[in-house]
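In the part that follows, the structures are each spelled out as structure tokens.
Shared between the two complexes below is subunit A, which pairs with subunit B and subunit C, respectively.
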Partner chain A sequence: MSVRLKVTEAIKQIAKEQHVTLPELTDGLSLHETGFDSLAFAILVARLEDELGVDPFTISEDAAFPATVGDFVRAYENVPA
Partner chain B sequence: MHNVLVTGGSRGIGLAIATRLAGAGYNVIAVARRETEELAAAVRASEKRLHFRACDLAVIDAIPAFAKLVRDEFGAIYGLVNNAGLGTEGLLATMHNSEIEALVQLNVLSPIILTKYIARHMMADGAGRIINISSIIASTGYNGLSVYGATKAAATGFTRSLAREVGKLGITVNAIAPGFIDTELTHNLSDEGRKRIAGRSALRRLPDTEDVARMVEYLLGEGGRNVTGTVFTIDAGNTA
Partner chain C sequence: MSPREIFALRNYLGAELKGRTLSDAHHSVSLTDVLSQTVRGGRLGELSGRSVLLKLSDQLKSGLAMIELDGIARRMLLCPPDLNPAHLDALIADAEIDAVVTDEPEFWKDSAIPFVVIAQLPLTPAAPAETERATEWLMLTSGTSGVPKIAAHTLEALTGAIRAEAPARGPAPVWATFYDIRRYGGLQIFLRGVLSGGSMVLSDPHEVLADHIARLNARGVSHISGTPSHWRKLLMSGSAAQFAPRYVRLSGEIADQAVLDGLKAAFPDSSIGHAYASTEAGVGFAVNDGLEGFPADYIGVNASGVEMKIVDGSLRIRSERIAHAYIGRDVTKLADDDGFVDTGDMIELRGDRYHFVGRRGGIINIGGLKVHPEEIEAVINRHPDVRMSRAKSRKSPITGGIVVTDVILADGTDPARANEIREQILDQCRAQLASHKVPAVIRFVETLDVTPAGKLARTDA
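Showing the complex of A and B:
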């Protein structure tokens, strides 16, 4: 499974658990519009760390969280090996 | 069996907590810079329920990797006891800035960052207990402990707001505020000072490390199920 697929699957799984109705996940969708609150994002980052073995936001020196779904996925795709 | 991480687990209150929890059936990971003789003996006596893992929590950048290492080795962490801390005394006017910085770093920044990396997995797991060791000095005053007092007040403030943040995910966050307890941290206190504090306490004695360990056990167990965002004073009535 590609990183992109794993990330989107995790988003959908958490949406189900947190009873969030997701809009269609396109790259341009703002993370605010996903309906996720900060707790849901914390869970997402923790789950992905378990699954992919990385937390790109700890490695990154940039303190800003991504703005869109596309940026979020790319953060995981572009982790240096 | 539930995993519990106890920082500063090699001596004093932390060692008492780690030993007691291992005896109560938890799988305990005691964290410290170095393993002491006492901890090594407790590990040997624990029938593999107590483990030592080295980490210098003052090195903030090493904390995320350490949290991951522990989780990879032991699995989900159910309990976190933030006990590690310095007890540096000094008059503010003459304390070296590096001492002030080290005290704030280890007593405030390190537990907050460690909690961040442990708590978010608790969030993903939907369960967890976090216990921060504060001090009665957080809410009362003592000459020469202004910086220490500030760091311990930080622990109770952190406790209350974090409890609000993670409560809906089934995680509890509480603080314990011990009074003066005989450990290496309080070795500077003279016998006379010790007697004076005991004499001013309702029960005319000092609490010991085991009292704190029992409270931690309670908060981790069924009894602590509906207890969150609060501070438990264990001081034999010193501040009563």
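Showing the complex of A and C:
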């Protein structure tokens, strides 16, 4: 499974658990429009850290938190293994 | 007060009660004629009036030394087995120790302590000693890093709850505990064993649970106590089926409904009770109705003179059973000006019962909100396939912290059902907890660490 697929699967799983109705997950969708609150994002980042072994937002001190779904996915894709 | 009125352990041990024993995995010592024997080769007289460190490698010799020294020594300091040796010098200074009873004399040969008395088995004959004074019992508080505090008790305070109860009907009980008797919870059971006229079977840290249970059965144990973590371990082990005690007691941690129900199912013919006690506050109360928490009307003064109130959410206790002081140089006050001990245990009224929600010091921070891990664990433990769980916080770059949980599934749960169980646990948590308390991650694990004191290890709390 690609990193992109793993990230979108995790988003969908958490949306189901948190009873959030997701719009279509396009790269241009702003994270705000996903309907996720900060707790849901915190859960997402923790789950992805367990699954992918990385937390791109803690590794780098100056990493800006992404603004869109595309930025979010790329943050995981661009982490050196 | 004349020496006759002083209350000492030897008053409960006489040759008229036959067949009493104190035993461990290796030895059994008769309590019937223990008063005419000694564990320390005839040197008891030299310990009269001294402040004695009991530093022994096992519980059996420790128990025998307590029986001999009570009423003779000025003080005795009990050392639990996991005491960090680096803290010994500070404790020796704080307790003004001037004698040590040990079975490891090599360790003490260069020490500055004037009297080193060697304790050994088998016991040797000795003239019965006379009680001279009320010995101060010094116990170490658990759960803190750094040098533990020393809480001072009298035997009268330590046994207040035991003497307040009606003696057990039927044959004298045979007591056992999963605790070590050099800690408050275990000492309570040792003292029950001595005061009840019965026997006591000690635990052994090197023994596997199945062998321990076999030994409890062989010795006819009827009354037994442990922490909820001890009991969950027994329920998980498959050894419970071979065991049928008359009385099962829980203390030392929050007894949630899941563990009470689990014990009721495993021991349908036993009475099951949970007790509240701490090294500082002494024994507060026991609850015997099979339900978690305690009835709201326990707050106030109860029939045995224990007074309880709630201030800032935590339980405060005043009674004749509390420790009378911390001993040492830089000590804080043990009780407030009115004599109440702040237990640090946070409680909450739900309906007509108070429930323990956790320790004040154990609060985890989730995105700026305070959460008791025990509250989350209690909800998770209600799932029928869960045996035990631990909640803790994990750093999050988004919210600062999130709740993560490790869960042990009950015996025989099909691992293929893990995802289904995870969903059910999450549903349960969402229905019963505020959203920030719902676990972000649920991990299934085989074991959870339990401290030497029998409590779930919370290293991050």
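The working rule: the second predicted complex is superposed on the first by the 80 of 81 C-alpha atoms of A that agree within 3 Å, B and C clash if a C-alpha of one lies under 4 Å from a C-alpha of the other, contacts with A are read in each partner's own complex, and residues count from 1 in each chain.
Methods note: a residue touches a chain if its C-beta (ideal position, glycine included) is under 8 Å from a C-beta of that chain, and two chains touch if they have at least 3 such contacts.
The structure presented is a predicted model; accordingly, all values stated were derived computationally and were not measured.
Enquirer: Which holds for A:67: it touches subunit B only (first), subunit C only (second), both, or neither?
Expert: neither
Enquirer: Name the contact category of A:5: first (subunit B only), second (subunit C only), both, or neither.
Expert: Neither partner.
Enquirer: Contacts for A:57 in the overlay, against subunit B (first) and subunit C (second): which applies, first, second, both or neither?
Expert: A:57 contacts subunit C only, not subunit B.
Enquirer: For A:47, decide between first (touching subunit B), second (touching subunit C), both and neither.
Expert: Once the two structures are laid over each other on A, A:47 reaches both partners.
Enquirer: Subunit B or subunit C: which reaches more residues on subunit A?
Expert: Counted on subunit A, the partner with more touching residues turns out to be C.
Enquirer: If we overlay the two complexes on their shared chain A, which of subunit B and subunit C does A:39 touch? Say first, second, both or neither.
Expert: Both: A:39 reaches subunit B and subunit C.
Enquirer: Common interface residues of subunit A with subunit B and subunit C?
Expert: On subunit A, the residues that contact subunit B in one structure and subunit C in the other are 39, 42-43, 45-47, 50, 55, 58.
Enquirer: Please output the residues of subunit C touching subunit A within their complex, sorted ascending.
Expert: On the subunit C side, the touching residues are 367, 394-399, 402, 404, 426, 430, 435-436, 440-441, 443.
Enquirer: Could you pull out which subunit A residues touch subunit C in their complex?
Expert: That would be residues 17, 38-39, 41-43, 45-47, 50, 55, 57-58, 65 of subunit A.
Enquirer: Looking at the complex, which residues from subunit A come into contact with subunit B?
Expert: Residues 39, 42-43, 45-47, 49-50, 55, 58.
Enquirer: Under the touch definition given earlier, write down the residues of subunit B that touch subunit A in their complex.
Expert: 64, 68, 71, 120-121, 123-124, 165-166, 168-169
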